[in-house]
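The following pair of complexes shares a single chain, chain A, combined with chain B in the former and chain C in the latter.
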Partner chain A sequence: MQLFCLQAFLQMCNLPIRVICRANAEYMSPSGKVPFIHVGNQVVSELGPIVQFVKAKGHSLSDGLDEVQKAEMKAYMELVNNMLLTAELYLQWCDDVTVEEITHPRYGSPYPWPLNRILSYQKQWEVRRKMKAIGWAGKTLEQVLEDVDQCCHALSQRLGTQPYFFNKQPTELDALVFGHLFTILTTQLITDELSEKVKNYSNLTAFCRRIEQQYFEGHEKDSSTIATRSSKRSLLR
Partner chain B sequence: TPRPCSAPLHRGVPGRSRPAAGAGGAARPVPGRRKMAAPMELFCWAGGWGLPSVDPDCLAVLTYARFTGAPLKVHRVTSPWRSPSGHLPALRTRDEGIISKPQQIITHLRKQKYNADYDLSATQSADTLAFVSLLEEKLLPVLIHTFWVDAKNYVEHTRKWYAETIPFPLNFFLPNAMHKRHLERLQLMWGDDYMEDEEKLEKELYREARECLTLLSQRLGSQKFFFGDSPASLDALVFSRLAPLMKAKLPNGKLQQHLKSLQNLCNYCTSILSLYFPWDGGDPLTGAPRAAGTDGTEAEEDPHKRRKQLLSVLVGLAAMLGYAFLSGIVSIQRGSVGPAGRQPVTLEEEEEEEEE
Partner chain C sequence: QSLEPLPVPGPDFGALGEEAELVEVEPEAKQEILENKDVVVQHVHFDGLGRTKDDIIMYEIADVFKARNLIDVMRKSHEAREKLLRLGIFRQVDVLIDTCQGDDALPNGLDVTFEVTELRRLTGSYNTMVGNNEGSMVLGLKFPNLFGRAEKVTFQFSYGTKETSYGLSFFKPQPGSFEKNFSVNIYKVTGQFPWSSLRETDRGISAELNFPVWKTSHTLKWEGVWRELGCLARTASFSVREESGHSLKSSLSHAMVVDSRNSTILPKQGALLKINQELAGYTGGDVSFLKEDFELQLNKQLLLDSVISASLWGGMLVPIGDRPSSIADRFYLGGPTSVRGFSMYSIGPQSEGDYLGGEAFWAGGVHLYTPLPFRPGRGGFGDLFRTHFFLNAGNLCNLNYGEGPRAHLQRLAECIRWSYGAGVVLRLGNIARLELNYCFPMGVQAGDRICDGVQFGAGIRFL
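Presenting the complex of A and B:
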């Protein structure tokens, strides 16, 4: 899901990229987390450092913002990371039905038996421990969905009727929100409750559609297969 | 000193007027207004370092309650065992049992119509959610690290305070248990490579915390509170995270120095303290007890010391007397006056023999 954020961000900066999928991507990355980019002889992983790296090279989307707006942007990015990312993780790894039917098979698919089961159980245990540390382990699915709803409500309020979150230009926040919402809207899960929550907010779905049209339609021919999940993804069905 | 009556309060239900917070109004229900069941009771950590409570979560709940004028009976305790749920903060409500998580306590108060966010616009509510996330993700973990994991701070400041405040015999192992719990939580949140590499931790995470403080300062600007002239729940949360950092005398205080360089945040904390906590701004020794719950048994240290001294003298006396009786130096005999009269003489002789 971070992949979409990153792609959107880089395309908003007008930087050409090529997406390559590898089974051992997590091991290739310097910090153990995906996605990561390989530029020349440098490898940078995770969204935050990549944004900094790109900024250092002279491309930044948030130069036009004043101090207060920058503060708000950082806060909203944190909100998205905190709520949406954790909720996605929770659904993937802590909801038993989803874990059994979707996550385990998908996570272990590149590996032979029994390695696939072992690795996915290990990842699940790791994620559950982390959830416990941040206090999400005691939450039920309804509470998680409620939190997602609150987060979407806040984002919807902030977006209002503007084309992007800050003025007429897209910023890192737009890329991040797009990535998460696009993932939620297009990933096939057992139930559609999560995507229904997002679809309740029409300005958010319009926002995603707009960004997809503007930044992804033309570039589809350049990039190789984007994700290993469901088939051709598009919001324009 | 500003008069307590001038402190702005938020009420969810218009028309209900209360005396200003702090003048006993927050501790007892207004007499004659309405028939209330027993007020809600809040158990929180005792105060110190110039604050009403040293724990950020307890402070957040206390500040929110003060902002909204919620009638709470506050018990300042010195150990989590005195709390009904075993954790602090804990709210004993009238109908819903005991609530322990700070966010849930605030939600409960909101449901009881003590809502500090009543007047906020939709965008401001959205901003609240975003800034709360920022605080909890970037600032709070580093704050916990500064107080509980950083070796110098923990040993010389935090552990010392808790060991002195928590009563015997918990003070021997409770601070360490809390330290381990916080360490484990940080390890899970940050991953092992941050915990092992001090420099990386310092560089990246502390830098982000400092950035967070600067962002808060920029957002606050020169306003009195984050959303205008009345305090909201975001103010309670920001205050509870910043006040301990500002007030504690930490030996290793890099984050603290950065906070002190942001003048508007320091003024913000000081003004909230003086407006809403004018009495318990001092140490428990000097602060006057406000509610019936905080009678001398827990908050004051002096009666404790005296009681301990008295107890030790009594115990010493009892031990001496017991030894005297058991070893036969002194014995009670029921007899005539004559033989009894000789008793003291023999007693003296025996004592002289022993001394030689």
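Presenting the complex of A and C:
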């Protein structure tokens, strides 16, 4: 899901990219997390370090913001990471029905039996252990959905009627929010409850559609490549 | 326990009635020429058998009953003792030959007694090993002769600062023919390959059947391995990074060995031929290939205690289907045990200093072994050393299998790496050897890493 955050961010910076899907992308990454970028001789993984890397090369979206706004942006990005990302992980790996019917087959699909089962279970234990560590293991699905709702409410209020979170120009926060919301809205799950929560906020769905139309139509240049495990989808049906 | 010479299925031997003519029992004062005196082995006794079952013992000592004179009895008893020790279930076997006593004793009857001490049910070992920037504790457990028919279960566990590995294996020979045996292994091993910046963890099961056919020894094996590849360092090249991840290999392999050498390390004469093939992918898994490799070695003794030896290795890996071959299956070339004068496995296709291996290779060597000049320590320690002059050559490359065999031979014949030099070889028991050589590498291609000058090598299998 982080792929769309990254893709949006790099498109907003006007950097040409090529997306390649590999089953072993998770293992290719130096930190074990997708997505990662391969630029020339260097490999950088995870959104935070990639943003830093791109900034060091001279591209940044938040140069126009003052200190207060930058702090605010960081706060919102933390909120999104803590809430939306964890909720997505919870739903994928801790909700038994979803795990059995969707996540396990999808995660194990590149591998033959019995490897597909072994790797899926390994990942599941890892995620559940992490959930336990941050205190989410005891939460029920309803509580998680409530948290998502609150997060969306906060984002919706901040966005208001502006085109982007910080008025006229897109920033890293826009890329991050877009990535997460887009994933939630387009991923097929057992129930539509999660995407319904987001759809309640019409300005958020409009925001996603706007960014998709502006940055994801017909951009296919070669230079650096991004690797991820997911596949392409579209909001526009 | 006492075993009478009853008919036993399998080996056949003459009936008791066919004894030679009765020999006069001479007074003890006169000496007799024992080797011409016919004898009959009447009883074979075993002292010290506990959990070992009778039937496997009977196979090993059946020949003793066929002996017809005293020297023959001694020889066959000695062979039986060797066979019993080979089973791996006895710590000690002593043979006692005596004349027969008792009511049914014939004048030329002999009793052979085997006094054996069985191994304990469980033996353990504990070692610490240090090497390759890692320290580890190794615990070994062995259950010899588990169910009485020379079955063996071994367990080894190695706990290190960086990696952990273990292995459990069950071995069972066929009673009566020790060379026919099968074993099942479960293992996890980890390896680090700095020449490719690669780390590999294998968890697998294998089942293996060994059997002799005339003068050759064959092995049939099925192996299922869950392979996990990873980068050894952040600076690994992207080609190696791309190979990271999990894969499952399920393969059937067959190996044939013909070995007529007089020794495994520094043989003086004889030849060795090993042919190995492996087919992966048709019994499951996601790795699919056909792999062939062979090893040939010829030795001949020349005058003045020197030996000339020639060896040839070769192999080919053909990926089946559209997936390219994996770095863990490819061949590697170079190093003190292969083409000397080059760094370990540092010949052939590479990317940013990481060697990726190749799908086809050949390597050859000609060696002349002589005793050390002026023969110091002759008859003792000095005999373990040999001086050695060598000429090695080889090539490693990837093949485009659509091109045809002629193009492949051409590819393997161009850009040959070769080297020559001299050095000293030390023999370690019957298993390993150490070499210290001065090498001149030649035919070096761009990308190869050489080790010209002094090179040290230790190992079991050398080109």
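The criterion applied here is as follows: the second predicted complex is superposed on the first by the 224 of 237 C-alpha atoms of A that agree within 3 Å, B and C clash if a C-alpha of one lies under 4 Å from a C-alpha of the other, contacts with A are read in each partner's own complex, and residues count from 1 in each chain.
As a convention for this text, contacts are C-beta pairs under 8 Å (C-beta built on N, C-alpha and C of every residue); 3 or more make two chains touch, one makes a residue touch a chain.
This is a predicted model, so every value here is computed, not measured.
> Should chain B and chain C be called a clash or a fit once both complexes are overlaid on chain A?
fit
> Would you check which partner chain A:S60 touches, where first means chain B only, second means chain C only, and both and neither mean what they say?
The answer is neither, since A:S60 touches no partner chain.
> Quick check on the superposed pair: does A:Q214 touch chain B, chain C, both, or neither? Answer first, second, both or neither.
neither
> Determine, under the contact definition given at the top, whether A:T205 touches first (chain B), second (chain C), both, or neither.
Neither: A:T205 stays clear of chain B and chain C.
> Contact-wise, after the overlay, does A:I134 reach chain B, chain C, both or neither (first, second, both, neither)?
In the superposed model, A:I134 contacts chain B only, not chain C.
> So, does A:Q124 touch the first partner chain B, the second partner chain C, both, or neither?
A:Q124 contacts neither chain B nor chain C.
> Looking at the overlay, what does A:W113 touch: chain B (first), chain C (second), both, or neither?
The second partner, chain C, only.
> For the three-chain arrangement built by superposition, which of chain B and chain C touches the greater number of chain A residues?
B
> Based on the superposed arrangement, let me know which partner A:H38 touches: chain B (first), chain C (second), both, or neither?
second
> In the superposed arrangement, does A:V68 touch chain B (first), chain C (second), both or neither?
first
> Could you work out the angle between chain B and chain C as seen from chain A, using CA centres and rounding to the nearest 10 degrees?
Given the fit on chain A C-alpha atoms, the answer is 90 degrees.
> What's the minimum Cα gap, in whole angstrom, linking chain B and chain C in the superposed view?
Here the least C-alpha separation of chain B and chain C stands at 13 Å.
> Can you give me the overlap between the chain B contact set and the chain C contact set on chain A?
Chain A residues touching both partners: none found.
> Which bits of chain C are touching chain A when the two form their complex?
Going by the criterion above, the answer is residues 226, 228-231, 234, 238, 241-242, 244-248, 284-286, 352.
> Any idea which chain A residues touch chain B in the complex?
Spelled out, the residues of chain A in touch with chain B are 31, 67-68, 70-72, 74-76, 78-79, 81-83, 129-130, 132-135, 150-151, 153-155, 157-158, 160.
> Under the touch definition given earlier, write down the residues of chain A that touch chain C in their complex.
22-24, 26-28, 30, 38, 41, 43, 111-115, 118-119
> Would you mind writing out the residues of chain B in touch with chain A in their complex?
Touch list, chain B to chain A: 101, 122-123, 125-127, 129-131, 133-134, 136-138, 184-185, 188-189, 193, 211-212, 215-216, 218-219, 221.
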